Structure formats: C-alpha cells, structure tokens
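Quick one: the structure is below, and I'll ask about it shortly.
Every chain is named by a letter (A, B and C) in the order it is written, and numbering of its residues begins at 1.
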Amino acid sequence: MTTVLNGLTLAAVLSLVAIGLAVIFGLMRVINMAHGEMFILGSYTVVAAWEATGNVWLGIALAPFVVGAIGWAIERTMIRRLSGRLLDTLVATWGLSIVIREGLKVVFGAGSRNLPFPFTGDLTVLGTRYPLYRLFLIALAVVVMATVLWVFLRTDFGWKVSAVTQDREMAMAMGIDAGRIDAAVFALGAGLAGLAGAVMTPLITLNPEVGLFFLARSFLVVIVGGVGSLLGTAAGAGLIGMGQAALAASFRPVIAQIVLLVLAIVIIRLRPTGLFGRLQG
Amino acid sequence: MTALLEARGLVKRFGGLRATDGVSLAIEPGEVRCVIGPNGAGKTTLFNLLTGHLRPDEGEILLDGERIDVLPLHEIARRGLVRKYQVPSVLPDVSVSENIRLAAAGRRRLSDLLRERADDRDRAEATLEELALDGLADRIAGQLSHGELQRLEIAMVLAAQPRVLLLDEPTAGMTVEETGRVATMLRAIAERRGLTLVIVEHDIAFIKMLGDRITVLHEGRVLAEGPHAEIEADPLVRRVYLGEGL
Amino acid sequence: MTEAVGARTLIGRSAARRIELVHWVVAAAVAVALWVVPLFASRFVTGQVARILVFGIAALGLDLIWGYTGQLSLGHAAFFGLGAYATGLVLVHLGNVPAAGLLAIVAGVAVPTTLAYLMARTLIHGNVTGAYFAIITLLVSLILEQLATTLIGITGGINGLYGMAPIRIGPWELWGLLPSYYTIVVCALVAYAIARRLVRSPIGRAMEGVRTNEQRTASLGYPTSSVRTIAFVVGAAITGLAGMLYVPLEQFVYPTQLGVLLSTSIIVWVAIGGRRSLVGPFIGAFVVSYGQSLLSDRLQQYWVLATGVFLVVVVLTQPRGLVGLVSTAVRRVRGHREER
C-alpha cells in the first residue's frame, strides 16, 4: 500500500512537470530541455523565501509565478528566435539548462540541502499510515490538474490553444495572436513545473542536478502518454510514477530506470503517438 | 502488349473527400501520357499513390505486372519509377552538380555507394549540359530561381535513369521559350532512351508537342481518355474545362 | 552519352583533383607537425595536444551524425564512455588472458558500435528519429552513467577503474604518454580519412539529403533509414575509438566519461568548431580546451556555466560555428576581388 501511495505521489508530481513539456511540444514543436530547471527553480524559490523569512508556504505560493515569468522571458528572448528549428531549439535550451543549473550553484552553492516540511503528521489510509504532507501533495496535484484541464477544455484561452495546435496558419487567419498563445503556454508550463518543484522541496535532497532527473522522467511520461493530450500525460505520469515506485521497492533505482526506458521504447515503436495520444492526420 | 505501369481501381480518401475515386490507368512502354484536369482534380494525389507517397485505400498498382503499392518509397524508385514534384524538390544546401550526382547514383545498391561510379558521374555531367545547367553547376541550389529549380529537378530525375518518369507540372514558372526547350528535350530523351513518361500539365502547346494520349481527371475520376484530337472534341471535357481554353 | 562531356567539365575535374591533392598535402603537413610535437614540447603540452585530439575525434563522430544527417545525439558521451569502459574492463578483469591487449582495443570500438547498431535498428528503422531519438540517446547516457556508478564490484563505482594492466600487443606497449600520443595522432588521421571518404561518397550526399530533404532522397532510391543508420553507427564507432584511446593516455576510467557533462562538451566542440565540416570538431575541441586552460583557477568554477552560454550564443547567432564564420569571410573577400 505504501508503494501505491509512493507511486501516486510521484505520479502527481510528474504529471505537473510533464504537462508543460507535452503541451509546449504539441503547440510549438519545441522541446524545452531546460524544463527540469523550471522544476528546480521552483525549489530554489522556496529555499530563497525560507532563508529570507523562515516561511516555506510563501515560497510555494510564489514559485509558480516566479518560474512562470522566467518561462515567459525564455520564450520571448530565445525560443521565438529559433522557430521552426526543432533540434537547434533543443540544443539552445540544453545550453540554457546548463546556465541555470550552474547559475544556481554559484548563487546557492553546489551542496545539497534539506528543507523542513511545512507540516508533519500521518494519516491512516486503508490501514496504512502515510505522511500527511504527501497526501496533501497528491490532492494538490489533482486539483491543479483538474483546473488545467478545465482551462484547456472549457475556456476561450484553451480553445485558442487547441486552434493554434491544430493549424497555426488557420488560427492566425482567424485573428488569434499565436505568438501570445505560445508565450502564455510556455509560461504556464514553466509555472506548473515550478509549482511541482516547490512542493517537492521538502521531499527531496535538493541540489542543482536534480532537475535533470525530473526532466528524464518527464520525457518517459510524454513518450508513454503521447504529446498534445492532457489526459494522456496524466495517464503516462500515473504509469511511470507507479512503475517507478513498484520497481524501486524491489530493485536498484538504475534497474527501474532501465526497465522504464525499455518500456518507453517498446511503446513508441508500437504506437508512435503514445499509449493515449490521438492519431492525427 | 502489356502495360508497363498499371493502376486498378485506385481510391484515396481524405476524411470525407475522395481525392482519387476509382482511377484505372494503363501506360504502355515508351508511351508519353499527359494527365490533365482542373485544380483539385486529384492529379497530384494520383502521382502520390503511384510513387508510394500515399497508400491507396482501395485498388492496386503494378509495375511490370508486379505489385508496388506495398513497397517503401525508395524501393519503388529503385524499380525505375521516378517522380518530379509539383513544387520543385531538391537539396537546398548543396550545389547544382551535387544534386544531380546524388540523383545519378540513387538506384545503386547501398554497398556500391561508397565510391562514385565513373558512369554515374559522366551521366550527371551529360545531364547537366543537356538541361543547360552547366553554367550554374557550382551554385547552391537554394539560391536558384523557380524556373532554374524546375530545370534542376528535371535534370535530377533524368539522371536517375528512370524507366517510367512522372512529371508533375514540369513547366510551371518557366518562360515560353524555356517551356518549348524542355518539351523538345523531353521528347528527344524519351525517344532516345525509350523512356515512358506520365506528365501532368496545363500548357496546351506542351501537351500537343508531347502527349500520345491524354487522360482527363475530374473530381478524382477518369473523365475521358484518348488521343488529343478526340479529347479536344469531347463535349464533356469541354464543359469541365469551360473558360480554361481547351 | 560520354561524348557530351565537354572540355569545361573535364577541366573542372582536374581542378577538383588539384584541390584534393592540396588538401592531402596540407593534411600530411599537419600530421608531420603533430608527429614532431613531443620532440619540442613539454610532457604537459604533449598531453594537452593528445587530449585535444581525442576530444576532436569524439566530436568528429558526433559531427557525422548531427552535422551531416541532422540527427542530434544528446547523449553522445555514452559511446565515448562505453569505449573507455570496455577497454578498461578488459584490462582490469581479463588482464592476464593472452591477447588481452588486442581484445581491449577491439572491445573499445566494438562495444559502442554494437550499442549504436542496436539503437539504430530498434529506433531509426521504426521511424523514431529527430527529437525523440535525441532524447533517448540522452536517457541511455544517463542510465549508463548510473550503471557505472552503482555496479561498484565491476566498475569501481564513482572511483572508476585504475591500476589497469597496460595494453600490450606482442612487444608493443600502448600505455603512457608517448605511445598513446603517437597512436592518437595516427587514429585522428585515420578517423578523419574515413569520415571524409564517407562524406564525399554518394552515401555522404544522401546524408545531406536525409537532413535537408528526406522525401526527395528516398524517392530517388536511397534507403534513408539505412543511410541514417550508417552515419549513426560510424559516428558512434569513431567516438568509441576516442574513448578507447583515452584509456592508455589517462590510465583511468570514470563514470563522468559516460555522462551528461561530456555529452554536452562534445556538442559544444562541434557547435563551436562548425557542423558539417570535418576539421570543425578538431578546431572546436582546440579552441574550447585552450580557452579553458587560459582561465585562472578562481574562474575555473564558472567554466561549465560559460559552456552553456557558448552553446546558446552559437546556436542563436552562428549555427555553422567558426568554420562557417571563416568560410563566409573568405567568400566575401573573394567576391570583392571578383568585382574589381
């Protein structure tokens, strides 16, 4: 049971991180290699706020906005200039991820740190005692994902996003400012990753290298879940999160990762659009 | 005489649209066939099906009596069915002569590709001159004008030594003189090499110079087929083409 | 048809032959210059030159893949590190077997090449290319790095492999600075020649075609998946060769040779030197290493950060790197001359 809950926790966080990666790829054909750093910037926002005020909640509240603004700036200054050059964008954002990672080392030091939980305590779920904070995290992710789904499926903004995703030219002909949609979605994706990083801060041994591992896992989520499908991302996160937790309970972490990578490769070979992605065209 | 290239009951749907709707076609060896039809008639889609760019939903395609509609793109080309695209398609980053040399070696086995064969190179150079591209040999293809690009791509598909050559609007964007020159040259090459040609064209003068038979496509179907005198007189064709000058 | 070949193109051919000759004369001169380096330079400088050449070979491998076919391999150090580990593991665990030296050398190239072939078979031939492929190479390199750190009993974990038996083939010992240096110079030349042969063959043209117009290339008869596979496997083999050569030079194998940082460095060498140029990777490796050696100890900690900045700036402003910069300048000067 603990394994299941651990899996759920990881799935919750991964879905928050991967959603940005997937939606940005679907919308702009851009893979943001600095996406793991958006996660870690969220964590360090919490660190900075905690060091300044001793309050963990403040950082968690600020993180999505701080990181969202950073994402917006990245889109405006860099991504936009490389439009249509998928692999070059990959390289440039990869360079950016190094800059952010090393910049964080300069500012905060390369060492690892552990932050206190904003609250402690356990709750008994189906006969298993489980930390309350982790349960909070799962609940938060569910609420946020539901909100994101609502935004994409039910609002004017969401309608514009899917119009641009399907046919950029056509959407622009209809008067949608595709550039603004790009920037907004990029900011949203970054902000969600930042939020994930922020709430995960107390659970991880934080150092600037952590982002890479969340990036790697998010890729697996996107490969398995398919791009451009929100439910697919959530389902992919569930699969990878639970898989990781189940495998990690009995094997070394590295074995778990090998198994998941092989699984992901089998899936893209058999279904290039991911398990849950829509077939297009 | 059996057909060299044959299509039987080809159907291709895009959503609800039947872009190709039961097209059958038989091209004899050495024949020059023109395919005409208004915009959107399904001419390019037919070519896409014949050359493996699209898979038919129904029907089959035979080259020399063998099914080719299941083969990958490059296998179809290797069997001698080569195609010029409607929008000129070349490698933009390399020179004109590199483009033609790429085409000249295209049908070799992979293991023969580590060294350029002298006859491929000779053929590339001969084709370069045949299409009066020798003055542009060292220009990067991406810098050519539209007409020059058309000529380059024609040179490429000729250098590839096709048995059946499919040309999709080869003279679009060319001047009248260029068009005439290309028509004369194609006729000469086709006769000299015993090449079979299938050409989509709008230019009537061009068609009269080249085509043995004409196939008229309309809304994905074959509307008429025959020598051009017959086609010109066909009342149905005249109606479809009203205002287009046939 | 041959009589149609006019005088002009025949002259063109002899000019091409002359350029080819000049090219190899220059290459021979560089080789000779490199050969005599140890006679004049200190051991330190000789070691630096050897390292730069190894990096250049590693980057050359990536350039074939990324520069020519446009397929980025984000985790290319996987092949470098696998070459190094294959060689190192043979020397550590099978050091006493007869022909261990030869086996170590062969394994150093064969193991990364085999991995590359398997990846190409499963991915490229299933039409998994582009960004997905790039990301999977990254994941592979991350996993290999972790394997090397965690399988302590076999790989020595984070401390790596050391105290290996030297590579011996008969009376010849490939170990330590000078033997490694000369071997590396020869291998750099051989790798360069192989890459050049490939790039200038019809396959090389098809590699350009795969990058810029895959459909056209396939519809001329080229099996583009096989072309990609050839480029990827040869590129990985060359990078694996570099990893293998690093072992006798450094006498030390460690997990980061498989990892993200080295992968990034390889990308940076190619990007800065110039994609789609075979000397570019060597120039890139030289410029970057030389730049790093100029930094004071205090600034070394910012080196990785600077690497990231270079990467962003080069991709944004000069996608063809230094070689592209120089060749544009040369063309401009020539253009001016012709105008006069």
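Methods note: a contact is a pair of C-beta atoms (placed from the backbone, for glycine too) under 8 Å apart; a residue touches a chain by one contact, two chains touch by 3 or more.
As the structure is a prediction and not an experimental result, all values here were calculated from the model.
Novice: Work out per-chain C-alpha centres and flag the one nearest the whole-protein C-alpha centre.
Specialist: C
Novice: Just grab the chain with the largest centre-to-centre distance to chain C, centres being mean Cα coordinates.
Specialist: Ranked by distance of C-alpha centres from chain C, the top chain is B.
Novice: Could you tell me the distance, in whole angstrom, between the mean C-alpha positions of chain B and chain C?
Specialist: Distance between chain centres, rounded to whole Å: 41 Å.
Novice: Give, as an integer number of Å, the spacing between the C-alpha centres of chain B and chain A.
Specialist: From the centre of chain A to the centre of chain B is 49 Å.
Novice: Nearest whole angstrom, what separates the Cα centre of chain A from the Cα centre of chain C?
Specialist: Here chain A and chain C have centroids separated by 33 Å.
Novice: Which chain B residues reach two or more other chains?
Specialist: In chain B, no residue touches two or more other chains.
Novice: Provide the residue numbers of chain C that touch chain B in the complex, in ascending order.
Specialist: For chain C paired with chain B, touching residues are 1-2, 4-6, 8-9, 12, 197-198, 201-203, 205-206, 208-209, 211-213, 215-224, 226.
Novice: Using the touch definition from the top, list the residues of chain B that touch chain C in their complex.
Specialist: Answer in residue numbers: 51-53, 72-74, 76-78, 82-83, 85, 89-94, 98, 101-103, 105-108, 110, 113-116, 120, 122-123, 125-126, 128-130, 134, 137, 156-157, 160.
Novice: Using the touch definition up top, name the residues of chain A that touch chain C in the complex.
Specialist: Going by the criterion above, the answer is residues 25, 31, 33, 78, 81-82, 86-88, 90-92, 94-99, 101-103, 106, 212, 216, 219-220, 223, 252-254, 257-258, 261, 264-265, 268-269, 272.
Novice: Touching residues of chain C toward chain A in the complex: what are they?
Specialist: Where chain C meets chain A, its residues are 66, 70, 72, 74, 122-123, 126-128, 130-132, 134-136, 138-140, 142-143, 146-147, 150, 260, 264, 267, 271, 301-302, 304-305, 307-312, 315-316, 319.
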